[in-house]
Structure formats: structure tokens, C-alpha cells
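As written, the chains take the letters A, B, C and D, and residue 1 is the first residue of each chain.
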Amino acid sequence: MTTVPASWYAFLGVLLFTIGALGVLVRRNLIIMFMAIELMLNAVNLVFVAFARQQQTMDGQVMVFFVMTVAAAEAAVGLAIILAVFRNRETVNADEVNLLRW
Amino acid sequence: MHEIQAAVVAEHVGFLWWIPALPAIGVLFHIFLGRRVRETVVSVIAPAVVGLSFILASVAFCRIWSGPPGLVLQQTLWSWLPVGSLNVAFALQVDALTAVMILVVTGVGFLIHLYSVGYMHGDPGYARYFAYLNLFTVAMLLLVMADNLLLMFVGWEGVGLCSYLLIGFWYDKDANASAGKKAFIVNRVGDAAFLVGIFLLFWHLGPGAHSLSFTEIAERARHVSPAVLTAVTLLLFIGATGKSAQLPLYVWLPDAMAGPTPVSALIHAATMVTAGVYMIARLHSVYELAPVSLEVVAIVGALTAVFAATIGLVQTDIKKVLAYSTISQLGYMFLAVGVGAFAAGIFHLVTHAFFKALLFLGSGSVIHALNGEQDIRKMGGLRHHLPITYRTFLVGTLAIAGVPGFAGFFSKDMILARAFAHAPILWGLALVGAGLTAFYMLRLFSLVFLGECRADARTKAHLHESPSTMTVPLVILAVLAVVGGYVGLPEFLAWGNRFGAFLAPVVGNGEHAQHHPQLTLELALIGASILAVLTGMGLAYRFYVQAPEIPERLARRWRGAYRLLWNKYYVDELYDAAIVRPVTQLAHFLWRQFDLAVVDGAVNGAGEAVQETGRWLRRWQTGNVQHYALSLLLGTLALLAYFLGRG
Amino acid sequence: MPLLSLIVFTPLLAALMLVGIPREQAQALRRAALLFSLVPFALAVWLLLEFNGARGDLQWTERAAWIPRYGIHYMLGVDGISLFLVVLTTFLMPIVFLQAWDVHKRLKEYLVLLFVMETGMLGALVATDLFLFYVFWELMLIPMYFLIGIWGGERRIYAAIKLVLYTMAGSLLMLVAMIYLAIAHQQEVGQYSFAWEHLLQLRLPLETQRLLFAAFALAFAIKVPMFPLHTWLPDAHTEAPTGGSVILAAILLKMGTYGFLRFAIPLFPEVAVEAMPIIAVLAVIGIIYGALVCMVQPDLKRLVAYSSVSHLGFVMLGMAALNLQGVQGSLYQMLNHGLSTGGLFLAVGALYERRHTRLIAEFGGLWAPLPVYGALFLVVMLSSVGLPGLNGFVGEFLILLGAFGRFPWAAILGTTGVILGAVYLLWMFQRVMFGPVTNPENKSLKDLSVREIAMFAPLVVLFVFMGLYPKPFLVRMEPSVRLTLERVESRARSASSACNDGIACVARGGQR
Amino acid sequence: MAALTFPDVAWLPLLPLLVITGTTLLVLVADLFAEGPDYDALGWLGLIGLLLAVLTAVPLWNQSGTTLGGTLVLDRYGLFFTILFCVGSGLTVLLSMNYLETTDIRCGDYYTLILFSTIGMVLMATSLDLIVIFLGLEVMSVAAYALAGIWRTQVRSNEAALKYFILGAFASGFLLLGIALVFGATGETLLPRIGEVAAKGSAEQRLLLSVGAALLLVGFGFKVAAAPFHSWAPDVYEGAPTAVTAFMAAGIKAAAFAAFVRVFVDSLGPLAGDWRGALWFLAVLTMTVGNVSALVQRNIKRLLAYSSIAHAGYLLVGVVVGGESGSAALLFYLVVYTLMTLGAFGVVIALGRRGQPHEDLDDWAGVGLRSPFLGLAMTVFMLSLAGVPPLAGFMGKFYLFSAALEAGYVWLTVIAVVNSLVSVYYYVGVLVKMYMAEGGAEVETAAARPYLFATLVAALAGTLLLGLFPTPWFELARRSVESLAS
């Protein structure tokens, strides 16, 4: 059984990260944008794991837990904020949230 | 020439400063108290301070007269401008030349102050008038008593200031104020050249300290290159053409007649305008080292003499005629100093001071009597109404015309003789001028005093002779206009040229052997000039008394020439078109099109450009969160590219 | 005894004391301000009396560490160059406070700002540490900004902002140059220093010097202001309240010329000598240009403002001569301009108080209702014209004499400024004071009050005194000016011995 | 099976952090018992805690050491920032007590969040481990997201929080990826070891490291609001409650710089050749964009936001210069900036009234004359921000520019100086409104808002003190930076 080289995972991670980033750029729905950000964070997790495997250390794996925790915290606050916006504006469309500009 | 001059004998005396200080006290009095005291007080103080000054001046004069030849009275008051190698003192000096000048200034000045007491009676600006007049005396005394070029310049501009103030004395008429301003500015043009002359001289006087005193200048000038000296003397002469109303800067003097008539007598006839002549005489040793300059002085003088006389032929304002006559007579003085006859120039200066002051004061008396009328076409026949004025004016007329026996005859003849010796062409011009002078003066006299009175009835009813404060000075001046000439007789007569001898230690007597004319020649020249004078007077008498229709006929026949003269050769118009208007237009252009549009425009434009950038940048801030994310991503890519590019 | 510190900071103290007076008591505020302002003046007179006129170096020096890490000290000192400017400043402030009787809006703030500004100006004049100088330099700008912005005319905001930005544009670059100098000192000597006397010893490469000189010169040229950096001036002057205009003209502008003489020239002598022809040309352009533009101004204050451009051109021309006559004349002219232009602004202000307009066309024939005013205005005007016997002439004469020694053509052209000066001032005077009273509003104007006469009187006395007896001033200036010139000359000469003819002409037009 | 022994932890370095954390938890719990609508008591509690933290931090000045496996460090640098954050947060709390009265924000969480955020900041400044720095940053940020949106009924507050959150999380992703790449290159997240690799690593490692560094730069650049990562700042500053904006401008920026300098100047210093040029451009771009954009703003908070961006640009100069002098200047400037900007926002708050925030410059017309103290305070803060001597902002710029010039960055200095010139226009523009325009907005007296008044006085005093006598404070900064190099 051939092992997939660790760097492939790293590249996959970066690819997922890019997809996530593009998702933030192109999707109009705030919830989906937020999910794209989550995708970015998790992509980084993959990168961490890949490097950890490559370096033969556990450190990278541990990082993932930190990141997941942080992501969870962000999700809590983030969703609350989006909820607040929706309550006041009745929209979750990023285009329509542009009161503050110039 | 220098050999003839006696060695300078300096004597320090302590009273010199009182001569200008006394009128200065008068000035302060008039300024601070003049409006609080009664007119009488002012009318006592003002002439009194000048009179006292005159007494002191006489004392100084006697000291010089009785002292050894070349005696100079000196008083250094304080160190004025000590800067590096420049060390100019505030110092006064009186030598023979100055002594003559201060006598004229304070003497004639006193008479005119006296005259003014009557003339200005009741004027609301009485105290102000005398403040200015006293101030003028101070400045004029400083001018002639200064021991150095720079202090002289102080007086030089000071008299210009007083002239400005007095011409515009009746400030509520715009024309008067403009005339004063014109006088000051035209004078400033000359003064600027004068200043440059001083600079040039200073930087070529050689190493060591410089006091710019006349003694030092005379000494050091010998070591200065002739080219520089020529430039310096010409520049100083430009200053003189301004102050003494010569071509081409004479234009202010006719306008200056806007001032009160005594002012015209004192400033614009007797004293200030002669400052240029005095300056050249004072610096004669420098001018003698620059023959080209002297030549220029002589030519300008001669041309001015004729030029102004021709304009004088047709003027109808009594004071304007006298003004052009003054310009013309000043031309004679410059002709004199230009041909090296410094003493003759000063002599004419003195006699001219007497008779021209007399004429102006006389005209003032006429104007006073006619309630301000100055047009000679509306005068005539005044001899019955103003007997004293009439007689004294006649004396003045004869004196200026150069009728033998009167002061003008001697001084003018001395100039003509020297001019002939120098260059016959100059003599020719001067002779023509003499004839013209005789003509226009008699024309003036005839139109004013002879014939029928052409004034309107109302004015006629009020005709009266002036009060005694005005007539007494007239009489005194008339006497002087006669006897004044006898101090400088031709060499072959009686006591000869005592005046020239008195001045010789200062300015040299200029009697070079080769220049000394033979007696026959001298007599012939005198004859010629008498002839010219008589012709002029005869023609005038015929034109204006016997056959008054002739002038009009002539004017019609030579319409072009007449118009040219009537319009004073259009010189004012020329200056206006060539200088005044272009400069004003340039100024407008510089302000509107350049300063505001270009210079300030650049400044505001730079500011505006930054603001515009700000407005442009602001549009990127769309408020759309995805645009922000995009810019963040692009920034990241750029950074990555940079890092990878380096790696 | 720290006399200089006392002089500099007593105004600040006065400002603090004024804060304690309730704003309702306007008269008390004015009197207190006037009284307080006499204190620094008295101290300055004392300084003048105690000043050793035979010395050219700094006197009454004070020194205390401030930011030792960068060699920044609180260093004060006075020499013949700054002495009279200090006296002038303290002398004019009481006059400005006398003028404050005409100020009714926000009086307390007005007075306090004036005092703060006085501290800034005095500090800048006696600071001998470049950093300290910069601090004071900017300190005097801010009060001026408020003076114009709050008490100014219609376009006051534009004028105030323009003043601040323009001045700062120059001074910020100067700051960079100053820091650069201190660092260069560190690299050469081993420790940072902003001390003027230390930096004089620096010998930098010519290229570096050029850039640094340019930075300094720009800052000072803006302040002077030299053509073509002058356009802030007419706006600032026109809009400023009378007191502000007086200070701006009399003292603030002098900071530029003073800066040249104190810093830009001695710190970079080789380059300064190179640059002087350019300065001379700009100065002459300023003289003539300013005068010409003056002629056609419809607004009195703007006219006087442009006249400053012309007059300061003279000051710069004299300095460019780099000889005793020129530089001393230039210094003297700084005082003259301060007094006479200050006087002109007071005169214009007095008219403004009466008519609330500054347009020349609104006036005419004012001599009749205002004879005393007319006489005083006349003297002030003549002083500005440079009439011999009054102060202005001494300065102009020395300047042109000096300039003629080095730049004959510039001096000749500059002399035409003497003519033009008479043209625009006399014309202005005629249009305002002479002629018939055309505007009925002018018929019943009140002549000057005793207080107003008291504003002008000291000026007039000084005009005459300084015109007839300038010696006490000149002799005290001379040693310092001589010292400065010697420094410049020796440095420039040693530089010119290296390169053949570039700067070699210093000696010729040099000291005489 | 080994005995369950308590790990051997060096507690000393953790002391200030523990005090703050303790306080935070205390406030959190106290909130349960506090009764609205007045939550001042919570604020006081927090203030006391912060004061206590400062008091515990000060005696540690001469101590040093690491703890928790080298992830947290006790050094002067960390202490310097700890104290700075405590002061900044303290002043914010003080400000807020009066500010909250004018808003609808009625929850004790406000103070808790500020304290949580402070914990994050302290973590960022005292950590030697990238992951802990990330944790600190997130603690700080998540609290700040919540704070930005804490005025829930305000649409603008919502929007600010949303933008801040989306972009912040987005940027965190880049930062995290950067950390991952650094980890990939070095196998480490501890800064000292990363430094070793940076200095001696193979070319491949260095390449990966520098890509990681670029992404770290994005993350930090976002937090300090450096262009082109700045675009959130104006919107968020404008929308967030003013006291929160002040807190963000002062505290969060400083914290980001604390980590920034530690990571870049200290650990990645050996790679400076790679990132210095990029930072040079970032600095220039940031200050220029900030200043030029600020010129055309009419809303005071937005204007101050752009001003804050511009100042980030100046501060970046300190990072570019690096070394002891650059970093020390940066630290000094951060102190100065904290005071100035808190003061400025304090005045903004002081001018606002319930329902009338008075954030538009036009509302400020004539205020300076009607309220002399506020006028004077704003004058001092604006002039200090503009860099006019003898105020603190000038000294800060002086130290920065001196350092830059000495390191040979002449052009950077000149550009920075020209930028300060541009900035003068809008700072002075505020004063123009306050003093030279006519207007009628009412201002509440200082006595009505004692805490706000106290904050302003403190900031004012600091701004003057640091301007007139900067030496001791700069020495502190320098000594702090010295401790980094070890």
C-alpha cells in the first residue's frame, strides 16, 4: 500500500483554503460566507495535520484542537451577530449591508 | 585747478547745529502746540526761528568772510552710520559755498515766511503750513550744510518730502495731491540714480574706512578710474535733473504750482530746485575729473534752458509761465557748472533766488488780489490797483530778462561768456534762451499789468493791494534783485568779481589762462546778449501792448508749432503712455493673471489635487464587505508575489 | 540669573494669570494684559543694558539637559543678531495689547493667545538648540492660526489653514534636516547634538549640505516670505485681526530672515555662498513684484501685505550680499519693517474700527475729519517709504550699499524698488487721506483717542530716533554679524581653495 | 501509573494575566447579581482589577523568565505592554461609565468583554508561541466583535460588528495558514526556535518560512489596519459604539503591534531582507491612504478611523526600521497614540448626548468656544496627532523619524513627513469647526460626567507630559525593547 505523501495533504489544504476564500468573495449570503470562512479554518487544520505527519510530531495535531475551539467560539459570536443584523434589517445579503461606507 | 584752491583750514565751532535746529524747534512747536495757540503766535514763531537762523548764518558768513581763504567751519554732532568700513558722521560744515547758500536759504526763506503770514492768513491749516515750511528750512539747511554725501541726501530727500507736502497742502483737491505725489515720485526716480551713484562711489573709493565726507571724496576721487567717476557723476546728475527739474525729469515742476504761491517762491524757485546745482558745485572736484559728465551737464542745461523757454512763450497761467522760466533759468545754472564756471552757476543761483522769489511773490500778490485767478488772459491793467506789486514785479522782470544793471544781467552774462569760451554752440543756445526769456517775461508783465483789465466785474471791485507783511518782502527782494548783481561784476569793471573770488577757495575760480576771454570779445558778447534781450523785449512789447492781434495771427499761421508748445511738447502724455500706463497694466497683469492665477493657483491646485485624490480613494470604500475582502485578498496576493519574487 | 528664561516664560505666566480673571471683567483683562506685557519688555530692556556689545558670541547662555539621548538641550543664548529682535518683540506686545481695546469678541482667549505667541516668538529667537528652536517655531504658529481663524475677516478659515499648512510644509522638512544634522554629528563626533554651536563645526559633504540647506532655506523662505512662496501672506494678513497682523508682519516674518541668518547660512556656509545669487535674484523679484502688485490692490490691508513682500525682499537682498553693510542693513531693516509695517497695520486697523471696511475706494479725504490720525499715518507711511532721516532709510541704504558690493545689478534693480515703494504708498495715502470727502460716512469720523495715539507715539519716536541715531543698534549688532561672516568666509574660502573658481569670489565682495 | 502530580508551573510570570483573568471572571459572575440599569459597579470592579494587575506587574520589572513550556514569557517588553493595555482598558472603562448612559447598551457584559479582550491582548504581548499568540488574538478579537455589535438596537452597530467579524475571521484564516506554513517550515511554533531556523535554515525552509511570513503579515496587517488590509477600519470605527471604537483604536492596535514586533523584528529578524521592503511599501501606502482619505471625511469617528490608519503607517515605519531604536520608538509612539486617541474619542463622547451622537463635524460648530475645556482638550489631541510640538505626538514622531533617518531611510522619512503635513489639514479642520464656525449644538458640562472628565484630564496630562518630558518614558520603552533581544 503506497502512502500518499504528506505534502499532498498540505496542498489539498491550501486548495480548500482557496476555495473557502473565494467562497467568501463570491457568495452573497452571509451565512454561506461564514461557512466559507469555516472552510478556510478547517483547511488550515488539514495543513497542520499534514505538516505534523511530515514532521512526525504531535504538535500539529494538537493545534487542530485549538483551531477548532476558536472556530467554535467565532461561530457562536458570528452567528449571533448575523442574527442581530437579520433582526434589524431582515436581510442576510452582504450587498445590502452597506450603510457604512465612504 | 586744484592748485588754485587754498588749503582747507578747518575750524570747529559749536553753534552750527543751531542753524537747522532753530527751525526744527519751530516744527515741533507747530506740530504739538500749533493747533492750540492763536494764529498770531504761529505767525510770530515761524518767521522768528528762521530769522534767528538767518542771524546765525550771517555770523557764520562773516567768520568765513573775515577768516583765511579756505576756512571751513565744522561741527560733528554724532557718529551716524558706523558699519564696517562705512563710518558716516552726522556732521555739519560751512565753507564759502555753504555760507552763500545758507544766507540765501534763511534770508529768502525768512522773507517768504513773512510773506506767508499775510498770504495764508485765515487758512484752517495755518499751523500745518508753517510746520511744513519750517521743516523745509531744516531739510534745506541740512542739504547745504551736510559735510558728507549721505547726510546731504537726507536733506535732499527731506526737501522733496516738504515739497510733496506743500504742493498738496490744500489736500481736498485731488489735483493738488496728485501734483505733490508726482513731484515726489519723479524726484525719487532721480534719487534712486543718486543712490546708485553713492553705492558705486563707495565701492571704488579704495580700501580703508569711508566717511563719504566731501573732503574725503575729493581726495580719493583722484585714485578712482575715470570711467567709474563718469558713471558716478552722471548718476548723481540724474538725481540733480530730478531735483532741479531738468530734462528729462522736469515734468513735476509745472504741476507743482498747485501749491500755495509762497511755497512756489521758496521751494520751486529760490532754494530746493537749485539743490542740483549746489550738489555739482559741491562735488566739482569729482566732476572735473569726469569731463564727459560735465559736457553732458552743460548740454542738458543749455537744452533745458531753450526748451523750457519755448514752452513758456505760450503758457497762460501766471505761475506756469514762471515755472517754465525757473526750469529754463536752472538750465543756465547747469550750463554754467557744466562748462566749469561753478562760481558763475552759484552766482546765478543767488540772483535767480532774489528775482524769481520776487516774481513768484509778486504773482502771489496778484493772485491774492484777484481772488485766486491765475489766468493771465483775465488780468491786465493791474498797475493802477497794485502799485507796489507792479513796481517790484517790473524790477523782477527786468532782472530776469537780463537788462543791464539788474542782477540777472551780470550773472547771466558771466555764464554766456564762459559758455562761449567752452563751446560757441552752447553760447548760441543760451543766447536764444536769453532772447526768449526776455520775450515771455515781458509778455507776462504786459498781460498782467499793462493794458485794460480783463477780469470780471466782481473781481475788479475787490481789487486791492496786499497787506504790508506781503509787500515788505517784495520791496526787499526788489532791492536785492537790483543790487545783488553788483557783487559779481565782470572782471574789467570796478571791483570785479568779488563773488567769484569769495567762492574761489572752494570751487576754484575756473579762470584758466586759455579760457580767459579778451576784453573786446567779452564786450562783444555782452553786446550780443543785450541785443538779444532787447529784441525779445521789443517783440513782446509790440505783440502784447501795441498790436495784440499779432500773436493770434501767428498762432493761426503756425498752428502745428503752437499746438506743440501749448501742449508742452506732449511730454506728459508721452510719459503717461510709455511708462505710467504700461507699469500699471503690468501690475494688474501680475496680480490677477500671475499672482492669483499662477502662483496662488499652484498652491491651491496642489491642495485641491490631494483632496481630489481623497475623494477618489473614498470611492473604493464601497461599504460592501466583499469588496473589502477582495482588496484584502489582492493585497495578500501582492505580498505573496513580492515574497516569492524575492525568494 | 536665567534672564532669558524669564523673558521667554513671563508671557506664558501672564497667560496663566489671565486665565484666572473672569471673562466678564473685560476692562480688567485688558489692563492686566497691558501691565503684564510690560514685564517682559522691562526685562528685555534690562537685557539690552546689560548686553556686552563688544562680544560677538552668545551671551546669557543657559543650558539644561532635556532629551540627552539625542543630545537635545534646553539651551538659550542671545547675541547681537537676536538681541534687538527680542527687544522689538517685547516692545511691540504692549502696543498690540493697547490695540486690544478694540477687541470685544472672546477677549480673554485673544489676550491669552497673544501671550502664548509671545513666548513662542521669544523662545525661537533665543533658542540655541535646533530642536528647541523648532519647538518654539511651531509653538508660535498655533496661536496665530487661532488668532486669524477666530478673530479674522470673511475668509479667515481659508487664510488660517493656508498659513498653517504652508508654514508647516517648510518646517517639517527642516525638522528632517535638523535630525539629519544631529545624526551626522553623532557619526562624526560620536554623540548626537542639536546644539547650534556644535553643529557649526560640522563639515558635511557638499552634496549633503545642498539638500540640508534647501530644507532649511525652504522653511525660512516660506516664512519670510520670498517670491514665489509668498501667497499665504496676503491672505493671512488681510484676514487677521489688527493685533495679529501687527505681530505677523512685525515679528513672525522676521523669524524667516532670522532663521536664514542664524541657521541656514552659518550651518552650511559653502552652500550658502553658492546659493546667494539665487537668493539675490528672488529677493529682487520680490522687491519689484511685490511693489507692482501693491500698486493695484483695492484692499488696504492686502496692499500693506504685499508691501511686506517687497520690503522683505530688501532684507533678503542685504543678507545675500554677505558683507557687513548688507547683513547689518538687513538686520536693521528687520527692525524697521517690524515697526513701520506694524504701524501701517495699526493705522489700517484704526480705520477698520471706524468704518468696518478696508477698501481704499471707500475712503478719500480723511485728513479733514482725522487730522491727528493723518499726521501719524503720514509719518508711518514715510517710514515705510524709506525717507532719509527716518529709520527705513538707514536699513535700505545699508542693504543696497552692501548688495551693490556683491551683486551690482541686483542692487540697481532693487533700487527701483525705492521708487515703486514711493509710488504705491503715496498713491494709497492720497486715495485714502487726500481729495474731497466723497463718502458721507467719512465726514463724521472720530479722530484718534488718547489710547490710540499712545499706540503710535512710541513707534514714531523710534522712527525718528532710529533714523537719526542708529549707532547704538549698529554697534551692538556688528560683532555678531562680523563673527558670522568670518565663519562663512573662512569655511567658504577653504572650500574654494579645493575647487577653483566656484565660490572664489567671496573674498571680493566680502567684508569691508 | 505515575502519581497525578501537579505540573511544575512558574507562577510569577503569569501573575498579571491571572489577576486580569480573575477579575474578568469576577465581573462575569458579579454581572449575575448586578441590577440594571446602572452597571457602574461592574466598571469599578474591573478598574480595580486592572489597577491591581498594574500593581503586580510593576514589581516584576526586573524579573525575567518563561513559563508553561516556554510559551509565555516574563520580560520587560511583555510587562510594558501589559501595563499599557491595562491603562488603555482602564481608561476605556472609565470613559464608558458615562458613555453608556447616552446609549441603549444596558448589560454588564460590556465590561466583561472589555476585560476578556484585555486578556487576549496581554496574551499576545507575552507569548512566545505562535499558536498562543493566535489564541490571544482570537480572544481579543471575538470579544471585540461582540463589543462592536453590543448596541444591538443600532443598525450601524450591527453592521460594524458584522463587517468586523467577517473580515476579521477571514484575515484570521490567513494568519492561521501563515502559522501552519511556518510550522511546516520549522516544525515549531515557538518563536525562539523559529528564529533559529530563520537564521540558519536551508533555502527550502526559508522559502516556506517567508511565504508563511507573508501570510502572518496579512494577519497582523489586518489587525493594525494597514493598507490594503485596512478597509474594515473606517466602517467599523464609525459604526461601533464610540467607547468601543476608542478601545479598538488604542488597545487592539497596540496589541497587534506588540505581537507584530515580537514575531517580525525579533524572531523573523534574520529574514528582514525579505519582508522589510514589503513593509516599506505597506507603511507608505498605509499612511498615504489613511491621510488622504481622511481629508474628505465629515464624520468625526470616520475621520479618526482614517487617522488611525495613517498612524498605523507611521508605526510601521518603526517596524521597518526595526532594531532597538526603531522598536523603542514604536513602543513610545504606541503609548502616545493610546493617550491621544483615547482622549480624542473621549471628546467625541463628551459632545454626544442621548439620541444625539453629534458625530458629524457640522455638529461641532462653535463647540470649542462654548465649552472651553473640551475645546482645549480636543485642540491638544488634534495637534498632538498632527505632530505639533511640544506635544507627545510630536515627540513620538520625532523618535520614529530619527530612528528611520539614522537607519538611512531618508525617503521613507520624507514621505512620512509630507504625510504629516497632509494630516495637519484635517486635524486642523476639526479645530476650524470647533472654533471658527457658528453652530448651536448644546454641550453637557464636564461636571455632569465626572468619569469622562477624569479620563480626558488623564489623557491630556499624559499628552503634555510625554511631550515635554519624554526622556524617562522613552527610556522605559528602550529598556523594554532591550529585553527582546535576549
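The rule is simple: contacts are C-beta pairs under 8 Å (C-beta built on N, C-alpha and C of every residue); 3 or more make two chains touch, one makes a residue touch a chain.
The structure displayed is predicted, hence computed values, not measured ones.
Chains that count as touching both chain A and chain B, per the definition above, are D.
Chain centres here are C-alpha means, and the one lying farthest from chain B is A.
For the pairs C-D and A-D, the larger set of C-beta contacts lies at A-D. In whole angstrom, the spacing between the mean C-alpha positions of chain C and chain D is 44. Rounded to a whole number, the gap between the C-alpha centres of chain A and chain C is 65 angstrom. Computed from the mean C-alpha positions, the centre of chain A lies at a distance of 26 Å from the centre of chain D. Note: centroid distance chain B to chain C, computed from Cα atoms, is 37 Å. In chain C, the residues that reach two or more other chains under the touch definition are 165.
Counting partner chains per residue, chain A shows two or more touched chains at residues 21, 24, 33, 94, 97, 99-101.
Among the residues of chain D, those in touch with two or more other chains are 162-163, 166, 170, 234-235, 425. All chain pairs that count as touching, in label order, are A-B, A-D, B-C, B-D, C-D.
Taken in their complex, chain B has these residues touching chain C: 31, 35, 78-86, 90, 128, 139, 150, 153-154, 156-158, 161, 164, 168, 171-174, 176-178, 181, 184-185, 188-189, 191-192, 195-196, 198-200, 202-203, 583-584, 586-588, 590-591, 595, 599-600, 603, 607.
Interface residues of chain B facing chain D in the complex, by the touch rule stated above, are 607, 610-611, 613-615, 617-618, 620-621, 623, 625, 627-629, 631-632, 634-636, 638-640, 642-644, 646-647. By the touch criterion stated above, chain D contacts chain A in their complex at residues 131, 134-135, 138, 142, 145-146, 149, 152-153, 155-156, 158-163, 165-166, 169-170, 172-173, 176-177, 179-181, 183-184, 187-189, 234-236, 238-239.
Residues of chain B touching chain A in their complex: 618-619, 621-626, 629-630, 633.
Those residues of chain C lying in contact with chain B across their complex are 162, 165-166, 228, 230-232, 289, 292-297, 323-325, 328-329, 365, 367-368, 371, 375, 382, 387-389, 393-394, 397-398, 400-401, 404-405, 408, 411-412, 415-416, 418-419, 422-423, 426-427, 430, 433-437, 468-471, 474-475, 478, 482, 511-512.
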